[in-house]
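First subunit A sits with subunit B, and in the next complex the same chain sits with subunit C.
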Partner chain A sequence: MSGTLLLPPLLTGAQVTVELTLTSTVLGAMLAFSAGMARGAGPWPLRLFAATYIEIFRGTSLLVQLFWLYYALPLIGPRIDPFVTGIIALSLNIGAYGAEVVRGALLAVPRAQHEAAVALNFTARQTLWRIILPQALPEMMPPLGNLAVQNLKDTSLVSMITIADLTFRAQTLRNLTLNSIPVYSLTLLLYFAMALVLMAGMRGLERWVRIKGQGDMARA
Partner chain B sequence: MTDTPIIRFQNVSKRYGDLTVLDHFDFEVMSGEKVTLIGPSGSGKSTVLRILMTLEPVQEGVVELDGLSYRQPGRHGPFHASARHLHQIRSRVGMVFQNFNLFPHMSVLRNITEAPVAVLGLSKADARARAHELLEMVGLADKAQAFPAQLSGGQKQRVAIARALAMRPRVLLFDEPTSALDPELVGEVQEVIRRLAHEHDLTMLLVTHEMRFAREISDRVCFFDQGRIVEQGPPGEIMINPAQPRTRAFLGAYLPETSTG
Partner chain C sequence: MMYGFHWDLSSPLAFAWSILPIILIGLTVTLEATALGFAFSLIIGLGLALLRRARARWIAWPTALVIEFIRDTPLLVQLFFLYYVLPQYGVLLPAFLTGALALGVQYSAYMSEVYRAGLDAVPRGQIEAAAALNLSRARAYRSIIIPQAIPRIIPAMGNYLVSMIKDTPILSIVTVMEMLGLARIIGDRTFRYLIPLTLVGALFLILSMSAAAAVRRLERALPKTGIPLR
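For the complex of A and B:
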């Protein structure tokens, strides 16, 4: 069986993978910033809440989280659509890992910068938004880019809860054709191609953050 | 200079674990006075400035600035001051750090205008006009659009002085402002501070190891050792004829003309 026949169903799956990746990366980034800033610079109740969230999701398996949401949750609560389940689990996961990146970058801004902010009488909130975050943002971009690529690859786990993503399609095709080598080779190539595009996108975003920072400076 | 003390330390002790940095410390500074704090490393000079800038809490004793106490009475004794109260204190004090501590992501101009706009509520136009005046004063009128990374150490410190002055403090603290500079850049920063000392009624506290400079600009020199002021007085007295052997020994290392015998 030739690649041209395998490609259309795989591309259909790849489209689902792209949708999952983009949605959960964007949602995850929002979670990462909220939880990271809460844990790194928030009042203690928020800090505790953020820490609990981060440690639970960093400390448990994504696959088991998916199974729990898909198979266990409906027994005690609502049944959620598998695609939405996948988005929720992936977002919460990348959010937890990303939060640690955000927190680490905030903490890496030298103490002297905080002291200068105190000496100029900035409030804690002004210090965070005007002094600390703009310096931390460029530092967190490369590790966040890595997480986005990690997230793309993690989406393959959602095939286990019946979402017809790229991995799901590949398994179906293999069962149908018993032709493992072309099916999985093509699948790997497709993941690699998507990762390349994503990495290029993240590098662009990284550059934009730096240039944006300098634009702020120039506007003063 | 007036006869009202603007700064008052009374029986202040400050410890880091077992290390006593200030030991039952008493100190007053008059409004408009220029005071230099000298003494060996670890004698508590910088701690006095850091306490005044609210960068370090006090565990014991009374610290007041312009009548505002650094600790407020609470139900169980004196507490650290509230954020609001600290805000009032900080509005009267500015600080120039040894390592400049400019904001690297902002232009020189923005370093100087950010706080006046965000904290004092000045319009951007007013803040910029004032920043340009201050840059003129420190001799950096042409550097408004530069970034800190593009400046020499001496230029950075002059920007830091302009940034502190933009907040119109009543008290300006200088924590070893020339210690991090290459020797050939020390002069330009000292010149700016000298002019401030001679032309403004600002209250100035300066920690330095530059003894000649201290003598030129101070109304009073305080010699610190082991968390206390061992000796203080007009620079002419302290630096030429110190009464205490410890002061003599210390100055002997810095000023060849001071007798160490």
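For the complex of A and C:
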């Protein structure tokens, strides 16, 4: 079977993979910032909560988390749509890894910057938005970019909970045609292409953050 | 599979206690797969790193592309590729070996970067000093560069080892009966997924946290100045 016949179903799956990646990367980034800031600078109950979340989701395997949410959670809680389950698991997982990046970048801002902000009578909020974040954001962008690619690769696991993503389509096609080599080669190439686009996008975002950060600092 | 094992469904705690021995058998498979996969990744990664550093561009550039390709595509699809394609070429491996090989291939891309970064981190002056002392290239690597690169390389490798432990459950998808695979079978037989899956999650948490702590201790214990060969 030629590649032209294999490509349309794989592209349909790739579209689902793109949706999963974008949604869970954005949600994961929000989680990463909330948990990272809470753990780095929050009051102690919030700090403890954030630390527990980060350790649990970094310390256990994504596939275990996915199966737990898919098989175990409905037994004690709500029954959730598989697609939503997949997005929740991916976001929680990548959010925990991102939180450590955010925390590290916030801690890397020199102490003197905090002291200078206090000396200039900045409020806590102004210090965060005008002084700390413009310096910390460019530092966290490269590792966050790596995590976005990691997240794209991780989406392949949701095929195990019946979501018809690229990997799921590849499995179906292989079982149908028994043509393993073209099916999986095309699938790998599609993932590679998506990763390259994602990396280019993250580099663009990084450049924007750097320029924007310098502008904010200049105005502050 | 699992003949001779019995579980006690009288209470959640009794159930957890009765399936613990089965899950612990899975734990040994998890550890074995990690150990073998790690060994594969060290060897393949070294090969990739050496090819990447080759003077000839027609070797170095395609190698860089291969490393990037392996690193940016999912482990699960690579695993399926090996699992279904190798037998077509007459290479019939047990699922466990295929799984460990897939882990090794995926992580070899990361390892090649670890080797490269470790060697590049040795200050340029050290290499110049070796040249000034008229040491041969081989001698400079053996006595000057590699001993100083090792303390930088080992912690990074340790971090990937921890990460690999958490990727082994993916092997259960191609019938390797490690912890998660066994937990799912128990769940299928008893219709109780909560306890087996929670137990597996807790064991992974203990495993990865203690492994990460061990890597941190090792990192502190390594001499910063270098480890001489022999």
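Everything that follows uses one rule, which is that the second predicted complex is superposed on the first by the 213 of 220 C-alpha atoms of A that agree within 3 Å, B and C clash if a C-alpha of one lies under 4 Å from a C-alpha of the other, contacts with A are read in each partner's own complex, and residues count from 1 in each chain.
Here is the rule we go by: contacts are C-beta pairs under 8 Å (C-beta built on N, C-alpha and C of every residue); 3 or more make two chains touch, one makes a residue touch a chain.
Computed from a prediction, not measured in an experiment: that's the story for all the values here.
Colleague: With both structures fitted on chain A, tell me whether subunit B or subunit C touches more of subunit A's residues.
Modeller: Comparing subunit B with subunit C, the partner touching more subunit A residues is C.
Colleague: If you stack the two complexes on chain A, which partner ends up touching A:Q15: first (subunit B), second (subunit C), both, or neither?
Modeller: In the superposition, A:Q15 contacts neither subunit B nor subunit C.
Colleague: Examine A:A112 and indicate which partner it touches, taking first as subunit B and second as subunit C; both and neither are also allowed.
Modeller: first
Colleague: With the two complexes superposed on chain A, say which partner A:N121 touches: subunit B (first), subunit C (second), both, or neither.
Modeller: first
Colleague: Between subunit B (first) and subunit C (second), which, if any, makes contact with A:Q171: first, second, both or neither?
Modeller: second
Colleague: With both complexes overlaid on chain A, does A:I131 touch subunit B (first), subunit C (second), both or neither?
Modeller: The answer is first: A:I131 touches subunit B but not subunit C.
Colleague: Mind working out whether A:T162 is in touch with subunit B, subunit C, both or neither, as first, second, both or neither?
Modeller: The answer is neither, since A:T162 touches no partner chain.
Colleague: In the overlay, answer first, second, both or neither for which of subunit B and subunit C A:T52 touches.
Modeller: neither
Colleague: Now for A:S61: first (subunit B), second (subunit C), both, or neither, which partner does it touch?
Modeller: So A:S61 only meets subunit C here.
Colleague: With touch defined as at the start, can you tell me which subunit B residues reach subunit A in the complex?
Modeller: Those residues of subunit B that touch subunit A are 53-55, 83, 87, 90-91, 93-95, 97, 99, 101-107, 109-110, 113-115, 118-119, 145, 147, 163-164, 167.
Colleague: Across the complex, what residues on subunit A touch subunit C?
Modeller: So the residues of subunit A touching subunit C come out as 55-56, 58-65, 67-68, 71-72, 75-76, 149, 153-157, 159-160, 167, 170-171, 174, 180-181, 184-185, 187-188, 191-192, 195-196, 199.
Colleague: Could you list, by residue number, the parts of subunit A that touch subunit B in their complex?
Modeller: Checking each residue of subunit A against subunit B gives 112-113, 115-116, 118-124, 126, 130-131, 134-135, 213, 216-218, 220.
Colleague: Which of the residues in subunit C come into contact with subunit A in the complex?
Modeller: Its residues touching subunit A are 69, 72-78, 80-81, 84-85, 88, 166-170, 172-173, 180, 184, 187, 192-194, 197-198, 200-201, 204-205, 208-209.
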